[in-house]
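Heads up, the next two complexes both have subunit A, just with different partners, subunit B and then subunit C.
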Partner chain A sequence: MSSPSTSLRTAGRRSLRPADSARRRRRLELAFFIVPALVFYLALVLYPILQAVHYSLFNWSGLGTLSDFVGIGNYRDAFNDPEFTGAIKHNFILVGLSLVVQFPIALGVALLLNRPFRGRRAARIVFFAPYVLSEAITAVIWLLILQPDGLVDRGFQSVGLGGAVQLWLADLNLVLFTMFVVITWKYVGFGIILLLAGLQGIPQELHEAAAIDGAKSWTMVRYITLPLLGPTIRIWGFLSIIGSLQLFDLVWIMTQGGPAEASNTMATYMFNNGFVRYEFGYGSAVAVILFIISFALALIYQRFVLRRDTRGALTRMAG
Partner chain B sequence: MSASVLTAGSRRRRAQPIAGRLFSKFWVYAVCAVFGGITIVPLAYVVLGGFRTTGQIAAHPVGWPHPWITSNYTSVITSSSFWRQVANSLLIAAIAASLIVALGSSVAYALSRYEFRGREVLYTVFTLGLLLPLTVAVLPLYIELRHVGILDNPLGVALPEAAFGLPVTVIILRPFMRAVPSDVEDAAAMDGCSKFGFFWRILLPLSRPALMTVAILAVVQSWNAFLLPLIALNSPSEATIPLGVANYQTEYSQDTAAILAYTALSMIPALVFFLAAERRIVGGLSGAVKG
Partner chain C sequence: MFRRWKTWALLLGTVAVLASLGGLTTAAQGKTAGPKAVTLTWWHNATADPGKSYWAKVASDYHKLHPDVTVNSVPIQNETLQNTKIPLALQSNDPPDVFQQWGGGVLGTQVRAGKVADITKYVKPWIKLLGGAVAGWQYQGKQYGIPYNLGVVGFWYNKALFKQAGIAAPPKTWNDLFTDIAKLKTAGVTPIAIGSKDRWPDAFYWDYLAVRVCSKTTLQQSAITYNFSDPCWTKAGTLTQQLLNDKPFQNGFLATPAQQGAGSSAGLIGNGKAAMELQGHWDEGVMNGLTPNQKGLGSNLGWFPFPSIPGGKGVPGAALGGGDGYSCSWKAPEPQCADFLKYLVSVPVQKGWAKLNIGLPTAKGSESALGDPILRAVAKARSASPFVQTYLDIAYSSTVGQALDSAIADMFAGQKNPQQVVQAIAKSAKSSH
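The block that comes next holds the complex of A and B.
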């Protein structure tokens, strides 16, 4: 009954049996608590991702057997397809815009709102509301208000900027930026709330002390607020990058990546090839590339930006 | 981490003026008005547009309802497909959230209050999941769900959602459960409480705030999901709300007023849920995110 490794150490001190059964019991307990979650996680998260790597090496329609092995052919095709490299570029443009445009907006508003004023709670609720709407609903709302002569166009006209009106979703050079505006509308409130929560955690005494030393408001923001807000800012940046790289719902509903692939993201490109054209092998290769890009960026970010904040397992794994 | 999750929801500290003298109150309200306007006007447009006819909208894309029409709303409310989608979304969110709480709390318990070889490796494997997006897994998941025979079935959406929700759940719950002093556990053991008893009668009740946070995050996530329902649910009778709204928009593209009404009604559940659980959602998200 006793497993050889367990008995040696304890044999001298205690009688074998109780120690052994306690050990068995403990193992059963552990299995009871761990196995269900682990099975779930392995079967529905890790296994499919490994399968994606597997499928990506075949030419496969999703039906029948995996037999047409093409090696890295799908990957080569993907990188030779200007539509796909364009999609990667779009994702990176969105990453850059998110960091450069959304962050100052969110920080400015959060700093401004971080004081008692009448209607503060209402303002927080309003700003946060778009975040709780699904991207699908957001997409439909914006499709409707961006229609030619719709709410957005009328808005421009009413403030005398009628000349600036464009075909927001049909202009090849503009559609990606229109998409970015919608993303900002939906997600900037989340940034504001996040930063506000971070601001609340900064002890007031620091500002009082700095004020006594004669520091100006801007100096305080620069040397006290921003550094202490660092962890929140860096986490926000992380979420923003990952979100921008995986953008799908909004784009798929609003433009399906069009017109002429001008708003394609890696995810819409993958969906289009995998599910619409039934090229599961090729679609999987695209998914793997998407994964590698996000993973690499995430690790770089963890290593160089987040390292100071997290002492979690991820950091350890990243080195 | 544990502290932030614990307190973020309930913390009501007085706000502190940071850039106090930099701006006056005027600017606070000006910014609130501009941002509030940008946020609310599109939503209001949808709600009001639902009270107009497509003819009115075609003639004057932006305008007040004149006369006010309720038929768009009533026809959505009386249609079975809308309620069907609400029910589908609710069912899937409930299954996903329950599974996440059940599986997440038990594995977090093992990871926080047992010493065993490979514990940190196991924890790393779970946290790694944060970097494994559904987008990457979705093609093989489709094949897997088809193989198991749960395409076009609420389980086909709820089960993967629960699995993909596990990493963040473990990350939130583990430090929380760890923070419970071992004296409590010893005392319980002294009184004859088994490990299961301790988990069930003491640790879970103590972890309630974190469990609520985790459950609410799971519900929000599931309620808003699009990609997974899009691939897993083919027949219109199984559609969830986000899927339904997107389908409705393509199906009735000529009838703008109907789309507006449908979209307006679809926003309500999420907004009501948000208003009811605002503190916890905001606190949970910022707590979860603050790490």
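The block that comes next holds the complex of A and C.
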């Protein structure tokens, strides 16, 4: 009884030792790589979020101690402020427009750029270039282009459409859509590059087989390209939604949310009410609302849209 | 269990090591500043020349005079400085020692939070040199800052365009202004340029009209009681609306910035695209910088005070104005900091600054150094004003001040009437005071 067990144990011990040290080394490696990231995450992401939640319960000028506790008062004020609900509406208009307008453009251009033709490399650079610019530079360039009698107005005039010239940034009913055009100009290149990368991953054989079966090019796009591009499209949608919700730089530099709050986004409203007015408690409440809306949308999107991708990947791997 | 505990211990250990490393670096940094040698970090808004180089020179000159004090001049873009940099820095443990101070309601907020040094006892021997200008940098009778630049708002105008429209002399009354606007329109000239994108230029009109129609007591009390029930406030709005209905502004003015680029309101005046602009005393420097030769309109540029309103309850000749100053933060070495402020507003330094023609010096006897005849005229108007009301967005707490600017901007965009403007201001005052 005892001898086999001892022998087993010794055998086990002999084989355990290297495994044990390997495990320890793996843990050490894990700690080495994870801890710095974890520290930064806790200190620079989680802690500030919790702090913002804390501040949001006070009436606080940003200076001095937190003493004037108002509970959910700031949140109530925010939802009672038509300027804030207006800003939320603007964000969702931008989300909707981004998905509906930018996607067909990005897909069309990506399909085009995926075909071999002379000057393709140059065309890719042209489409992607705006994405490389910072938002601040984009905003300043477009301010110049859009100013009355600027490049856009002259362009319209030179093709005999002088009557179509509008006050692109000064018209309350138009300014949000002007902003959307600028956003599209800046970010559609990113969508194109993402979709192009996705297209490269689609095996050519499928198209060849379909061609032999007599499929037309639209049929191939509909039944081969789009389904196989699904994961890329869904990720693009995710990034587009989050980007539209958090839009700040472009709007702040170009219009400061004006005129008369017509182009306010949640983020510009937050900056205006938090920093410019020294109402840091209220600004924090707005920031928390912005965070919750973005976070909730991200979770819903992951649950209902992106989940299919992970499941597909996992089953394929298992099979 | 044990293994897991060990992993956690390892994690915590690494955290501790990292944290102590952080501590070590801070300790090392703390040691470099000796007990005697003092460094003053100075945040100001002179990001462009000639102001930028001049402040850098002042900083090094001061170091030459006081070898134990090093002044570190840090120029920061004005709006960033005012809206984010200063509030965040004051709340942190590492604020600048000397920082740009606009006075008024924001100064009050900073003082109540204990973030600004009381320099009353240091400045007492010499503050008379600055005269009445210092009032905007006081809070409850104590001095918390020193102004080096104080000006009044008025109309900058293009003499050639006025002449072209057949206007012999700048308007004296509110009605004259409308007559001249009509003449300019007939001559095909944009009468008034305004930078409504920035909101505060809109408020200049409303503020100035309030200065004309509200009594001095009403104006001064409003910054204490935040009571806006006097009908004169609505009257200021009605008069503003009257101007708006006349459509004197450039095409697309709602999106025009005040000071950035040739398409800004200052740029339009400087480049001869509009006849006049209601702006602060700094406007000449701004508009010159926005013209191709940096010279602006030259001798064609003129200045006239805001027109009078017959029957208004305001002090005749009163002006709307404000300025720039510096404060010492709660962390600053007080005697050295106060002495540096004294140096900044000493007559030789102020004279040198006045020569740059970018503002109106506050130290008595330094105005003569203003090389520009128009600035000398503005300085004269400032001295002649029986009463200078600080811009209302500065005089009030930042919450009320910004709500005021925002409500008036809404009126300029056709989204609020005069009553709604007063209601919006009163509402923000009620919720924050």
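Assume the second predicted complex is superposed on the first by the 275 of 319 C-alpha atoms of A that agree within 3 Å, B and C clash if a C-alpha of one lies under 4 Å from a C-alpha of the other, contacts with A are read in each partner's own complex, and residues count from 1 in each chain.
Please note the rule applied: contacts are C-beta pairs under 8 Å (C-beta built on N, C-alpha and C of every residue); 3 or more make two chains touch, one makes a residue touch a chain.
All values derive from a computational prediction rather than experimental measurement.
Subunit B and subunit C, once both complexes are superposed via subunit A, clash.
Of the two partners subunit B and subunit C, more subunit A residues are in touch with B. When both complexes are overlaid on chain A, the residue A:P227 reaches neither subunit B nor subunit C. Of the two partner chains placed by superposition, only subunit B is touched by A:W236; subunit C is not.
In the superposition on chain A, A:F128 makes contact with subunit B only, not with subunit C. In the overlay built on the shared chain, the residue A:G62 is in contact with subunit B and with subunit C. In the superposition on chain A, contact of A:E261 is made with subunit C only, not with subunit B. After overlaying the two complexes on the shared chain, residue contacts for A:I202 are found with subunit B alone; subunit C is out of touch. In the superposed model, A:D77 makes contact with subunit C only, not with subunit B. Once the two complexes are overlaid on the shared chain, A:V276 sits against subunit C while remaining clear of subunit B.
Once the two complexes are overlaid on the shared chain, A:Q147 sits against subunit B and subunit C alike. Superposing the two complexes on chain A places one region of subunit C into the space of subunit B, and among 205-213, 259-267 or 367-375 that region is 259-267.
Common to the subunit B and subunit C interfaces on subunit A are residues 30, 32, 34, 36, 38, 62, 143-144, 147, 150, 275, 280.
Of all residues in subunit B, those touching subunit A in their complex are 8, 11, 13-23, 25, 27-29, 31-32, 35-36, 38-43, 45-46, 49, 61-62, 99, 102-104, 106-107, 109-110, 114, 116, 120, 122-133, 135-144, 159-160, 162-164, 166, 171, 195-196, 199, 220, 223-227, 230-231, 241-243, 245-246, 249, 256, 259-260, 263, 266-267, 270-271, 273-275, 278, 281-283, 285-286, 289-291. Considering their complex, residues 6-7, 10-11, 14-15, 18, 83-84, 87-88, 90-91, 106, 109-110, 112-115, 196-199, 250-257, 261, 263, 397-399, 402-403, 406, 409-410, 412-415, 431-432 of subunit C touch subunit A.
Here subunit A touches subunit B in the complex through residues 26, 29-30, 32-34, 36-38, 40-41, 43-49, 51-52, 55, 62, 108-109, 111-117, 119-120, 123-130, 132-137, 139-145, 147, 149-151, 153-155, 185, 189-190, 193-194, 197-200, 202, 204, 207, 217-218, 220-221, 225, 231-232, 235-236, 239, 242, 246, 248-249, 252-253, 267, 270-271, 274-275, 280, 283-284, 287-288, 290-291, 294-295, 298, 309-310, 312-314, 316-317, going by the rule given at the top. Every residue of subunit A that touches subunit C in the complex is listed here, in rising order: 27-28, 30-32, 34-36, 38-39, 59, 61-64, 77, 143-144, 147-148, 150, 167-170, 172, 175, 255-256, 258-262, 272, 275-280.
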